[in-house]
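Here subunit A shows up in two complexes: once beside subunit B, once beside subunit C.
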Partner chain A sequence: MRRYLSKEYTFRRKIQVYEELFFRLIMLLASLLIALVLLQIVWSIFREGVGSVSWEMLTNTPKGGFYFGKEGGILNAIIGSLYLGLGATLLAFVTGLPVALFMNTWLAPRKRLVNLVRFTLDLLWGIPSIVYGAFGFALMIALGIKASLLAGIIVLALLILPIMIRAIDEGLKASPPGLTEATYALGATTSELSFSVLTRQCLPHILTAILLSFGRAIGDAASVLFTTGFTDNIPTSLGQPTASLPLAIFFQLSSPIPEVKERAYAAAVILTVIILIISILSRIFTNKYSRNTIKF
Partner chain B sequence: MEANHKIRVENLSLRVNGHEILKDINVSIPENKITVILGPSGCGKTTLMKSMNRLTDIYPEMHVRGRILIDEEDILNTHKDVTAIRKKMGLLSQRPYPLPMSIYNNIAFGLRISGRKKRDLLDKRVEHYLKQASLWEEVKGRLREPASSLSIGQQQRLCLARGLAVDPEIILADEPTSALDPISSQEIEKKFLDLKQDYTIVLVTHILRQAARLADHVIFMYLGEVIEQAPAEEFFHHPRTEITRAYLKGSIN
Partner chain C sequence: MSLWLILMLAMPVLIGGGLLWKSWSLLHDHALGELLLSTRWRPLSGEFGFAPFILSSLWVTLVSLLIAGPVCVLSAIHLTQYAPRIVLKVMQPVTDILAGIPSVIYGVWGIVAIVPLVSRNLAPLMGAETTGYSILSGAIVLAVMIIPFVLNILIEIFRSIPIELQEASLSLGASRWYTIKYVTLRKALPGIVSALGLGLSRAFGETIAVLMVVGNVTIIPRGVFQPGYPLPALIANNYGEMLSIPMYDSALMFGALILFVIVMVFNLAARLTIIRYEKVSQ
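Let's turn to the complex of A and B:
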């Protein structure tokens, strides 16, 4: 067959082969670059911080003079961050899941409106968290609420709500129309479809959404800067101010004392490890609970 | 036609974005018989079937006009609860869509949403319907496993059992064997011949031989119109129109 191909054709074919090679190379380089940057960040945090992580640091609240390099730990910030992250994720989940389900069931026929909602959520996703912090602060002043755990949870929940909704929404969008038809054909109502079938089918997506949101919530400094205050104590109620790891890192890193700076890196190590543990746990759960999902 | 008519469709037309998918359909579907809706791909046969249990409601771009009478009751122009209408019909789709839950719960789901929640009763009913769909022997030891672990032929029989569990009077089947291997297809076909004692079956297919094997009554559609409807014997041996003759000879596809 070969000899029937024109010269021009074989030339173009050759160019296409090189084109393919070129783009594969570029993609490979880009992936390598991203992996390198990530490794570099993790490496520098661990290099600077791992030496200062100690049992004392994990189990004590700051003692007098802690911020000048004296004794104590950051248990207050670890617990505070877990409270903030879990509280905000819970709040965003119970409000976000119904929204995502609503968008894909009742609201689904109004495609333009749904797309507008999606666009709005994507915009909100992109807004810097300091804006959420400032907004939350303004709201607190208007309502007369003091800086507290509750205020922080609410602002963080607002911050991660768009992530939560859109990540679940993407899963629901990918659910096949045939499954919806089959469920309706059994005489199911839209709520039965939503909560018994769609949530099960999209469980892996929902878990991913929770993980993404939690990671963002626990790691965000700017939105808790004005809203939670900062304290050396572990909060015992929603109305009390609370410390958090990102702010502990921020305050200690700006210190001129080398020991304190090292502790900032140690706090960063702890934050990174928490997020790592949550990621691994959620992967395990995703595999365990996605066994019922129907693959198409 | 001698038998009672379970479903009557009168002057049904359906438009999608100004394009007419179904044009003035008038058909009758006899009770306790297998009615085959036959026609080439894209002729509107699936759409006609879906409008019978109002699945067309989910797609706002579909505008339906006309009347569909089931037991002499109009199901299109009514304020009656649509879930009650749909419970009268079991649906079997082109490829099986088991629910994302265990084999047991796939059957129990329909029972639960119909308000039957007692454990021992559920167990009995699940067994009954799995037996009716000839699936019981294959799955009785692993009812708690996810439905997705079944083969596709088993999944289709599970969907049949699930449909029967809501106690319908009509079975709507949309090319139910198109994703199945020959042996699973045969099992489904055999099942239909058994089930027509108790159910009115509407079967959409484009496979002529399948139609010939199963049909008591045939509705032949082409480009959104009903060209011919007749008892199977008459349809296959004495087709009345030129288009039907051409289709039966295999020159339209």
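Let's turn to the complex of A and C:
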């Protein structure tokens, strides 16, 4: 066979083989690079900060002279962030779950409308958090609310609502139509279908959506910059300003005093650990609760 | 329920309208062209030229896209066409975690890892001198931030390409790479462009991480080793003095409005392209 092939052909064939090899190599390198960058990020955050994480820092609020490197901790920021994250996630879940269910039960026959809603949610998801922050600020002035925990929760809820709805919606979309038909055949109402059948069927998706939104809410800095203020105390009511971890890191890092900077790095470690835990939890949930879903 | 849904649909309009309303007093006093094109930024004497900030934003975003784009496309081809399933399984959590890391953590990483890298290694290599707080540092950090986002969309796009198309090419005797180059990539091109467009608009609005490494000097950058002052950083940095200088709050709201409009236009175009593309390929 070989001798029928011209010299030029074999040469071109060879080049093609090498070209493929070359591209396979750099493609592999691209994937490797992405994985390595993640390791590098986690490693450099931990290297800088893990030495300064201490029990004292986790359990104290800032004391006098804290911002000059004296005693105290960042408990105010940790608790503040948890309040903000939990509050916003709760608000977004309570308002978002019905929307997602509504889209997939009542509105399901009206495909174009549902697609329009999905499209709008995707657009909303693309709006930068600083724009949400500025909009929230304008809203606060218009409504006469001061910078507070409540304002922060509302803006964060607006920010994560599109993610929450779309993530639950993806799960609902994938649930088998036979399940809906079977439920109706048993004489169930649409709300029974929504809240007893579909929520259980999509439980892994719903849990993932909640964790995803919580992670986004707890880590976002740009939108709370305008709306929560900053304080050294732990807020005791919704009307008070609150600190948050991202802002604590951001403010302390801009300080020229080394001790304060060290604390910013330590706070970064804490935030990273929270995010990693969320990520692992969502993976566990997805695997564990998938058993309850009916597959056709 | 329907009311809530209508409110949700009206949300983009509400946000745009709210920002426009707040920036109205600035727009009333200054010509739009002057605001967008003038390079003079002196809030105290009432001069608001947004050009340095818009140009800085463009620099940072475009450079970050130049870094992230090729990496994402190559990796997406690798993961969907060549790699065994297990590699994709491993990469899924990697991109998920990368996407979940908060912006401020990326900023800290930028300061401890990227800024020294740029000032000690990359700049001397190019014969430039810099503190490291520069457009390039911002772009590298941004590139890493948009990689998981763009990569996930690209993987979806490569997966949605009909397998018959590739089989037809392979059955004609084309090699694997030849098929990817002339069939798969050609088919995926609109999808790739819109995925990059989405990445671009994501990068455009990113605030804290960029703000921490980009230097924040009000100049028109002339190279990647110079500092810049992107639009989101301007808004975030000055919210404190916002109410003490006349028109300043209005100017910052106008900054947010510019950001909103640019991001919306990119998002709309990219999403519509993806939708049309998916319709065609089905």
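Basically, the second predicted complex is superposed on the first by the 251 of 296 C-alpha atoms of A that agree within 3 Å, B and C clash if a C-alpha of one lies under 4 Å from a C-alpha of the other, contacts with A are read in each partner's own complex, and residues count from 1 in each chain.
Note that in this section contacts are C-beta pairs under 8 Å (C-beta built on N, C-alpha and C of every residue); 3 or more make two chains touch, one makes a residue touch a chain.
These numbers were taken from a predicted model, which means no experiment stands behind them.
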{"item": "Subunit C versus subunit B on the shared subunit A, clash or fit after superposition", "value": "fit"}
{"item": "First, second, both or neither for A:Ser196, with subunit B first and subunit C second", "value": "first"}
{"item": "First, second, both or neither for A:Gly187, with subunit B first and subunit C second", "value": "first"}
{"item": "First, second, both or neither for A:Pro109, with subunit B first and subunit C second", "value": "first"}
{"item": "Touching partner for A:Gly178 - first (subunit B), second (subunit C), both, neither", "value": "first"}
{"item": "Residue contacts with subunit A in the superposition, subunit B compared against subunit C", "value": "C"}
{"item": "Partner chain(s) touched by A:Arg24 [first = subunit B, second = subunit C, both, neither]", "value": "second"}
{"item": "Which superposed partner A:Ile277 touches (first subunit B, second subunit C, both, neither)", "value": "neither"}
{"item": "Touched partner set for A:Leu225, first subunit B, second subunit C, both or neither", "value": "second"}
{"item": "Distance in angstrom between the closest Cα atoms of subunit C and subunit B, superposition on A", "value": "18"}
{"item": "Touching residues (chain side subunit C, partner subunit A) in the complex", "value": "1, 4-5, 8-9, 11-12, 15, 18-19, 21-22, 70-72, 74-75, 77-79, 82-83, 87, 90-91, 93-98, 100-109, 111-113, 144, 147-148, 151, 175-178, 198, 201-202, 204-208, 212, 232, 235-236, 239, 252-253, 256, 259-260, 263-264, 267-268, 271, 275"}
{"item": "Footprint of subunit B on subunit A - complex, ascending", "value": "109-110, 176-189, 192, 196-197, 200-201, 203, 291-295"}
{"item": "Residue ranges of subunit A in contact with subunit C within the complex", "value": "16-17, 19-20, 23-24, 26-31, 33-35, 37-38, 40-41, 44-45, 48, 95, 98-99, 102-103, 106, 116-117, 119-124, 126-135, 137-139, 141-142, 158, 161, 212, 215-216, 218-222, 225-226, 246, 249-250, 253, 264-265, 268, 271-272, 275-276, 278-279, 283"}
{"item": "Parts of subunit B lying in touch with subunit A, wherever the complex brings them together", "value": "50, 53, 55, 58-60, 83-84, 86-87, 89-91, 93-95, 97-102, 109-110, 113-114, 146-148, 159, 162-163, 166, 172"}
